[in-house]
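The next block holds one structure in the form of structure tokens; read it before the comments.
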Amino acid sequence: MTIPRPRLSRRAFAGAGIAGLVGITGLGRRAAAGSNTVRLGYLYPNLTTLIHGIAKSIGAYPKHNVAVVEQRFTSGQTIEGVQDLWQGNLDLYFGGGPEIVSLNSRAIESGAPAPLAVISGANAGHTSFVLSTKLQPKSFDDLVGKPLRIAVSSPSSDHLALFRGWLRLDKKLTEQQLGWQFLPLEGADMPTALLTNQIDGFLHSEPTTTIALSTNVGHLFMSAHAGDFGPASPPMTFLMARRAFLTEHPDAVRDFLAAIFDANAYYTAASKAQMIPVISQWSGTKPELLDMAYPRINPQMSMTHAQAEKWWNYVGLAMVASGQVSQQVQPFKDVFELQYQPLPPA
Amino acid sequence: MALMNPSSVTGELHASNVDPVIRAVSVNHAYESNTGWVTALRGFNLEIQHGEFLCVLGPSGCGKSSFLRMLAGLMFPLEGTLLVNGHKITGPGLDRAIVFQEPALFPWLTAAENVGFGLEMAGWGKSAVRARVADVLSIVGLSEAASRYPYQLSGGMRQRVAIARAWALKDAAVLLMDEPFAAIDAINRVSLQNHLVRTWIAEPRTVVYVTHDIDEAVFLADRIAIMTPSPGRVATEIRVDFDRPRDRAVPAVAMLKQQITGIMHGLERSA
Amino acid sequence: MTTRLALGQQSASGARVLHLPADDATLDAATLEGYSKTRRTQARRRKLIRGTIGIAGLLLLWQAMSWYYNLALILPPPTVVLRDVIETLLLIRPQPWLYGPSIYQQLLASFMRAIAGFVLAAALAIPLGLLVGRNRTVREYLEPVIRLLYPIPGIAWIPLAILWFGLTDKAVIFVVFIAEFFAMFFNTEAGARAINPLLMDAARCYGATGFTLVRRVILPATIPYIITGLRIALGGAWRMIVAAEMLAAKTGVGFVLMQARYQFRAADLMMAMILISVVGYGTEKLIVRTLERKTIGKWEISQ
């Protein structure tokens, strides 16, 4: 019987190694004396964390006096990232969503304060619901009650969470009434599984969606970007922080977010032709695919109170209803700390 | 020099006007070892008559076990002819029932099942097998061990079960025994030899018995074929006409032993 | 002969009678049977006590660690976990069961997959092992292939399994099959090769040939090795089930484990692990020990 061991030594060692490399490569040198250091974990290669790549490429971090020590996680490793954050091996973690609420809930249920907080989020509206080309329903209601097999990247996938929230609030249906099966599958395998008829559809984001569309194995049935999951979609990829770190180094956090917002501005101003090579390098996606996917890509990081509220109503409350999250959890006390963003006050 | 003893001969056991059960003609055999070719048998000739108990007596390494394995069909001579009832030996068969030096019983079968194994393979029906097995076990004196597994039996009893297994093959032309008691301690060996003789008296069969033990040969055999040391052949044959069961203490027996010992020493010196 | 004194009495020489002098007739079969029954009971009791102490020691260590580290989210104390196990098994959980069908259905799902993979593996590995062990031609054709496939760990087969069988039971069963096949095959082959040549001589001399030889001699002779192979395979199978279910299934204990992990429910996670251990142990006892009792237990072959 093995006990899950906190993986301190391996990650700490890697972190130390990266810190050493940072020192050698001179990232620290470029920053002014007395710069803040932030240990950031993020999913890579992955479109969802693109904004960090953009911030790096425009030199936003040294400009704001922040030294970023990176640690990458592959998709599917979000749980590890959240765990590393919680154990203090990271200060910030960029990736995933619902997992942090689960973790905070566990802490609160056992009488401890919530250890983590969501300080911002990116990729608003990047959820796509792709169906096999063999399935051409006229409306969503046609699919209710059919034994569909829908792939999601993991049981805690934010896309699944958004879908469930929308199902509950907008369609007023339960998952049982729906009768679908949600199967965990890696994003890269989804188009193949669609082709070989192992699934009937998937809930995921780019570039999986565009791959499925461009190879004609699937069609875009619903898109958050197009408002199919309700207006004002919330950002689905969270930037999380250790509360202890927020208390000890609030300025570092603010500087980090300021750098990110610089990247936001840069992205808005830049043209498609400018961005596609950058995106391609960061995510490993082919430029031709990015060209097709561009309208559905929205990497910018920003979360308003209203968006957080919508997220809580759609996703958070669904987790509470299913028992995954305790009713004791209060969103704006235990989950969201949005005041570190350089946003005008709500 | 053949020693003939004019005491009584049991007629039905030595019908010499019938063709011999086994004929070995000019058998030569050699095998390759690490140090080159070793000749095991050279010019080996022997005839075994129906119903007789023949001992092949020879020193270690003279090739006697090889000869027996050839009779069993487990080995084939390089040169020469081996016939059983006029047919060439092409492999193992139920017409020749063998007892090895180790009991070689199947550990997953009871004594009775072991004894009946050959009969089953021969296609006998269940009740026939059962009857014959019970018969043989009582002849051999092991009836109460019938439902025991080999591990529950002593070494001597296991060997007796092996002998029963061979004896059970009623239709076998000959029983082959390869020093079956060599691995048994001296005290039990005598009792096992007594058992064997009693069995043979109850149900006489043709037996080819290989041994290096002169006492044993004299006690058991109708005829002894004495082999030279390697490369082996039959140097001389001696008839043993004492009545069974034999008394080892009788002076005639002791004299015979002495004579055979002398012969074997002579063979060794001239090897 | 001395007159029999009662226990505790003093004899003429002044010695206190501690044992009644034995009659000649006391070592009869009934008495001996009584002695061996007593010995067996004592051995059973002793093993139970010592085993319990060992496990209790582990639990105490666990409790101490969870006090010291105070990380309820990673290492809940054994009291919490054991209560979770009991409540789950008795279906009286205060908190909702968030893992789909009931725990028994999940356990059954995993168990059925394990059995299916086990049966398939045995059906292929044992005959093949016997064949390769005894037949040089077959061995020279097949052994290189099998040895090449052997080092690939079961987990590495999972993506291929998903590709071939989809996210279904079949993929999990396939992975279990692969994991168990090699253990059973190599043990069977070793056993087939290790048969005492004299036994084979005896078998042939007493008329066993062809398929009868295999069924009546080679197979029983190889049973001790086969059982070892089965035992090893079963152990590996449970590990593979969990790993495979975590990736490819929507039911089963592996699935429950994965779900618990995603929700950071350490107590449920450990409960799943404990149940896996218990079911695995139970399966081994059921299948392997029963087979052992019926075969080498009876024949007492010492290997």
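Order of writing sets the labels: A, B and C. Residues in every chain begin at 1.
Here is the rule we go by: a contact is a pair of C-beta atoms (placed from the backbone, for glycine too) under 8 Å apart; a residue touches a chain by one contact, two chains touch by 3 or more.
Quantities reported herein were computed from a predicted structural model and do not represent experimental measurements.
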| item | value |
| --- | --- |
| Chain whose averaged C-alpha position falls nearest the assembly-wide average | C |
| Longest centre-to-centre distance from chain B, chain (CA-based) | A |
| Averaged-CA centre spacing for the pair chain C and chain A, given as whole angstrom | 44 |
| Centroid distance [mean C-alpha coordinates] between chain C and chain B, Å | 48 |
| Between chain A and chain B, centroid-to-centroid distance (C-alpha), Å | 87 |
| Multi-chain contact residues (two or more partners), chain B | none |
| Chain C partner contacts - residues on chain B that touch it in the complex | 72-74, 91-94, 96-98, 100, 102, 104-108, 117-118, 121-122, 149, 151-152, 165, 169 |
| Complex interface listing, chain C residues touching chain B | 196, 198-199, 201-208, 212, 217, 220-221, 223, 295, 298-301 |
| Touch list for chain A against partner chain C, complex | 1-4, 6, 79, 86, 99, 102-103, 106-107, 110, 112, 149, 154-156, 181-185, 189, 192-193, 196, 198-199, 322-324 |
| In the complex with chain A, residue positions of chain C that touch it | 62, 71-75, 95-96, 98, 162-163, 166-167, 247, 250, 258-259, 261-266, 269-270, 273-274, 277 |
